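Read from first to last, the chains carry the letters A, B, C and D; within each, the first residue is number 1.
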Amino acid sequence: MPLKPDLPEPESVERRVGLAIVGLGKLSAEELIPAIRTSQHTRVAALVTSDLEEGRSFARAFDLTENDVYSYEQFEGLKDREDVDAVYIVLPNSLHREYTERAARMGKHVLCEKPLSVNAEEAQAMVEACRAAGVHLMTAYRCQYTPHHWAARNAVQSGTLGQIKLLDSIHVQVEEDPEAWRMKLDLAGGGPLPDVGLYSLNIIRFVLGTEPEWVFAAQHQPKENPLFREVEESVAFMLGFPGGVIANCLTSYGAHKTTTLRILGDQGSALMDPAFSYTGLSLSLTDKAGETLPAFASYDQFGLEIDHFAQRIRDGKTPWTPGEEGVQDHRIMDAIYQSARTGQVVRLGASAGQDLFRGEKPDLPGQEN
Amino acid sequence: MPLKPDLPEPESVERRVGLAIVGLGKLSAEELIPAIRTSQHTRVAALVTSDLEEGRSFARAFDLTENDVYSYEQFEGLKDREDVDAVYIVLPNSLHREYTERAARMGKHVLCEKPLSVNAEEAQAMVEACRAAGVHLMTAYRCQYTPHHWAARNAVQSGTLGQIKLLDSIHVQVEEDPEAWRMKLDLAGGGPLPDVGLYSLNIIRFVLGTEPEWVFAAQHQPKENPLFREVEESVAFMLGFPGGVIANCLTSYGAHKTTTLRILGDQGSALMDPAFSYTGLSLSLTDKAGETLPAFASYDQFGLEIDHFAQRIRDGKTPWTPGEEGVQDHRIMDAIYQSARTGQVVRLGASAGQDLFRGEKPDLPGQEN
Amino acid sequence: MPLKPDLPEPESVERRVGLAIVGLGKLSAEELIPAIRTSQHTRVAALVTSDLEEGRSFARAFDLTENDVYSYEQFEGLKDREDVDAVYIVLPNSLHREYTERAARMGKHVLCEKPLSVNAEEAQAMVEACRAAGVHLMTAYRCQYTPHHWAARNAVQSGTLGQIKLLDSIHVQVEEDPEAWRMKLDLAGGGPLPDVGLYSLNIIRFVLGTEPEWVFAAQHQPKENPLFREVEESVAFMLGFPGGVIANCLTSYGAHKTTTLRILGDQGSALMDPAFSYTGLSLSLTDKAGETLPAFASYDQFGLEIDHFAQRIRDGKTPWTPGEEGVQDHRIMDAIYQSARTGQVVRLGASAGQDLFRGEKPDLPGQEN
Amino acid sequence: MPLKPDLPEPESVERRVGLAIVGLGKLSAEELIPAIRTSQHTRVAALVTSDLEEGRSFARAFDLTENDVYSYEQFEGLKDREDVDAVYIVLPNSLHREYTERAARMGKHVLCEKPLSVNAEEAQAMVEACRAAGVHLMTAYRCQYTPHHWAARNAVQSGTLGQIKLLDSIHVQVEEDPEAWRMKLDLAGGGPLPDVGLYSLNIIRFVLGTEPEWVFAAQHQPKENPLFREVEESVAFMLGFPGGVIANCLTSYGAHKTTTLRILGDQGSALMDPAFSYTGLSLSLTDKAGETLPAFASYDQFGLEIDHFAQRIRDGKTPWTPGEEGVQDHRIMDAIYQSARTGQVVRLGASAGQDLFRGEKPDLPGQEN
């Protein structure tokens, strides 16, 4: 039988970074756990959920045992699980701080879904708790780990587009369940802004590498609509960056799903549309000679993000999107809400340098750093 | 020879509406005159130019005689030309008022390139001069006469997209000649805003049919660059419409040519990209079922616009985009510049009703009004 | 903790249909095993490979034990594995028959990669072996199980496109390894035709539901090129269907990866481009009114195919693409090669009826059958 | 008035090449005459038509006089018109020869619509008549004069796509009028093949620069349909070029308008879709690095073609697509019909060299030859 395939040997399950998934919602069940099950460097080692019955059926479905399922009260039971290196927090935003702090106290590293918290102050407390405990805190900014978004950033940073002048981004979708935790101010900390608008904000900062100096925003909250009793329906915001660069953004829970990013330079422009979806990302670069759509080998967005976290745990270096990156977005979102309330421009002060709140660059498939 | 084709009989040259083209720039020479030469209801009857030699060579090229060429000083000679029904003003913005008033005094109808003038006050004076003289004044808003833009408007007005929540438009291009009249404040009245940004403003108002209640804007003018000594390089502006609808716009003379319009409703969205080009307009409508790209029979944008003007001259009805439509855009652009200067929101007051500043709807190819 | 998500309960691992993967090549490792690990109704229960060391490292990586790894000599050891319901044969084509017959003798159902075999005669023997043993034989025609391909078929069958007149399909790619088993005639049974050209043939038959009556083909085999010493580089073939419908197809191992399907009716046309890729399939329907790109919920192609197999094992009904479907494609490919050799049209005879070689229709996500 | 625009001086009407348009059908009225009226080097000097009344109304519409209108009987009256340099024959195919010969006898150059005639023999007679009379004969192959098609050809000739292996082209549309001359065999010489399928044939020859060595074809003619009593509905044909390159083509009068060209090389591929339309041509080049859509300055296809003819009249050089180019396509179409009738491959013999039947390359906008 001469048919030996020439395949990369996958890492043995036992040697992988073990993750406890904290929170079994739609994102965990449909995206994260399947992604982790096909990742190279991590594995699901435990599940933390309010519904033990459901947790056990998940465990059965994914080759875990009943002993791998924990209630939130049993969370500290993970401390002695040597095969659990880190927790991945996939809970409502208002709970991020508590579980980050509890995990840090157990010496477990923390990967926390975005937004990092509900405001800059809470987020900063999380950073400090992890620093004090000597564990990593990484904000799960998936889009800062894909070849598509890095190619957009490289087009900016390398000068391919000339001098960048303006940016424009849209992330809107329709939410229909007034009972979802996303629609509750105390659980979510805001409406579409910290949930989907954050992608626009975060990726504009990522491609530029600089920080906004001022913001202006307007919001719309039709309180007579049960959906928007607590949180806004839409926010339009404008960001002023060093050198006169301006970015326009739109976010909403009341408009048909659209995710775009457009970067306008004097030599060319870049368009991502869709810009933030789980699959099917598209990047187009246009200049005088025409339009180019770079090709990328296929990849799993969550897999790349999670494997970066695993590598940083192993080498001890700061993740590319540490807690500080999440804090900075909260600082800006706090200013956006303040502007929307007051109708005034809010200044954020100047900040010098590139990638001020970021750590070690990720290794991307087929990319030289 | 049995091969009689079944063709519409074109209108005899003698019976067509005769136009005097005032100003022989690139737009006249490359777009307007060729379009008029293939239009159904108009013809070029005279040329007005500062360079009589060049005017005569144009006349020779387009089947006119040397007697059809006028200098600006000879403008009033058109008065006795019975075959000249109207003038088409294609001059620097600051001259629009003077030539409109001189034409009105001769009893000639006026089609005036956009922007109508250099500010709302001057524009209003033009409206009043034409009203007093009993002649038509039409603002040449080409994009309010195309099947593509009407299909976008119909998607909004018919509810196909659900309730409209947000809009986004970009019109940017690179200008490189500091000596062009567009870069001189006294000739142009502004920079990219009244030139290309006006498309975004005007077409957003057109598809919604309503008027903005407030504006916010930021601009960038790098005066050390010889191009931008007099006019701004970029303006980002936000428009607040009734019902909490917000529009984000970007315009610039320093960014790679891009023209887009995106309309976001709760049931679907519309995208035009390019949105404002002379040819190749593209409209896409997206909802839960997928994406639709309506097909249109081919047409000439300038031809449709000019033939609408001819029809209104013949039937005496108000053109769809009369002078008042141009005045309203100036009112809003004045507010945008004021906001950019002061960093404050500028309120425009409420205005009730639909299409407040528009006249008789155009007949479009294959469209029922 | 009020955060109970509302999730479908995944099927317990123990209750799923257990598959032995026979052959650990690139397709198994990179597509099939990851797909099975996230499927709803199946699980990987055993691995059969020539390289036990590699098999064990796969087992470690995917939560199997060393006891789940078998060499080809140990294949019959699967007989007593009650948790192995079926084998999935992912071997060089020439081995399909042997392993199908050995599996059938053990009473295991068989899912066999396409092409079913190396010619119609061998393929027919496989059908008969499975029939005699009372086990299912399904040909793994992935593209007959996706919402995209069914929507294309529905556009044909429902009359949306009017009467179908012509079809066109391309499936070409570049092969560079002369040592790959695909380039060996005795292992593969042919070159690009049974490997990638088969997609065009199979999907054209699928969307029409009818069978070709004649074929014409031309091939190119530059034997001086080490890659093509044994198999052809390219085949162009034409298929004549009932009612004068004609399909043109191109397949090659020497042309840049391209996969398309175009269906031309008198009322409209359908385009898939890419038509056969693992991800990113695109379907566009065009008629007088314009172009429509239907939206589909995301899905895993291999998952849908494998879950169909699992359902048929459970309910005992004939799979949609049984062995007979694979035999018919071999019959046609045998005729294509004969035509290419002789330069003559080869007639296949008439066949009445729809979907003559197919079984029970698959349930698709969001589709009513 | 400091506003002198910097414009190219258009050529005086009197100095342009004067054309007599022979035949006032839809193509003349809607495409050719408008194009000529905006071209740089030609002008319409006379009209020849069966309907003098209609001809006169056209004359009035386009600044000609009644004396510029001729019946077919008065055709020889053009002889003494010094301002008529050439005739542009836009008649049913079967009349091309007669009017070419009559024009040649008057010493007028001939631009003849494609197909050049009704078969190779008739076409060859036209070539010889013009040669004997010392006038130019150019076949109006519009698509050999556009920047898009030249960019596709350059991608082939320059090796950008690697070695070319396969091509695929579709040109189909729906004809609905059984009385149209296109549906009469004696007037048209065939059905969709010489009308629209010819584009595929001609442009494949153009991009390769070589000549086919064999053809195979199948056709469908449902004679019970009044539309197809005389001519075929569809033809599928395969062309074999030197080096094993094969092209598949589809043409029809019974399928929804589709025009495509795909070129497959081992390093990349080119796609034109639409490939043959009057406006909106699109070219995409794909290789490992992704997809590129080159940008072109806007142009008028008919204008470029007609201006090439004018230039060749002035410099006396052979047009890029002389009569010989049209004859060669007839030779191949004759073979295609023969193959469709007999079901046999028809061999055309070998022909060495590049662009065997072509003349002086056209100057394209922005292109260095």
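Here is the rule we go by: a residue touches a chain if its C-beta (ideal position, glycine included) is under 8 Å from a C-beta of that chain, and two chains touch if they have at least 3 such contacts.
Note that the structure is predicted; figures quoted are calculated from it, not measured.
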item	value
Given chain A and chain B, the chains that contact each of them	C, D
Partner chains that chain A and chain D have in common	B, C
Contact-richer chain pair (by C-beta pairs counted) among C-D and B-C	C-D
Whole-Å gap separating chain B and chain D, where each centre is the average of the chain's CA atoms	37
Cα-centroid distance, chain C relative to chain D, in whole angstrom	43
Centre distance in Å when chain B and chain C are each reduced to the mean of their C-alpha atoms	56
Sequence positions of chain A contacting 2 or more other chains	none
Interface residues, chain D side, partner chain C - complex	161-163, 165-166, 168, 170, 172, 174, 216, 218, 220, 222, 233-234, 236, 238, 240, 244-246, 248-250, 252, 254-256, 258, 260, 262, 264-269, 286-287, 343-345
Residues on chain B engaged by chain D in the complex (per definition of touch)	1-5, 7, 9-14, 23-26, 29, 34, 37-38, 50-51, 54, 57-58, 60-63, 72, 91-92, 181, 278-280, 298
Contacting residues of chain B [partner chain C, same complex]	288-295
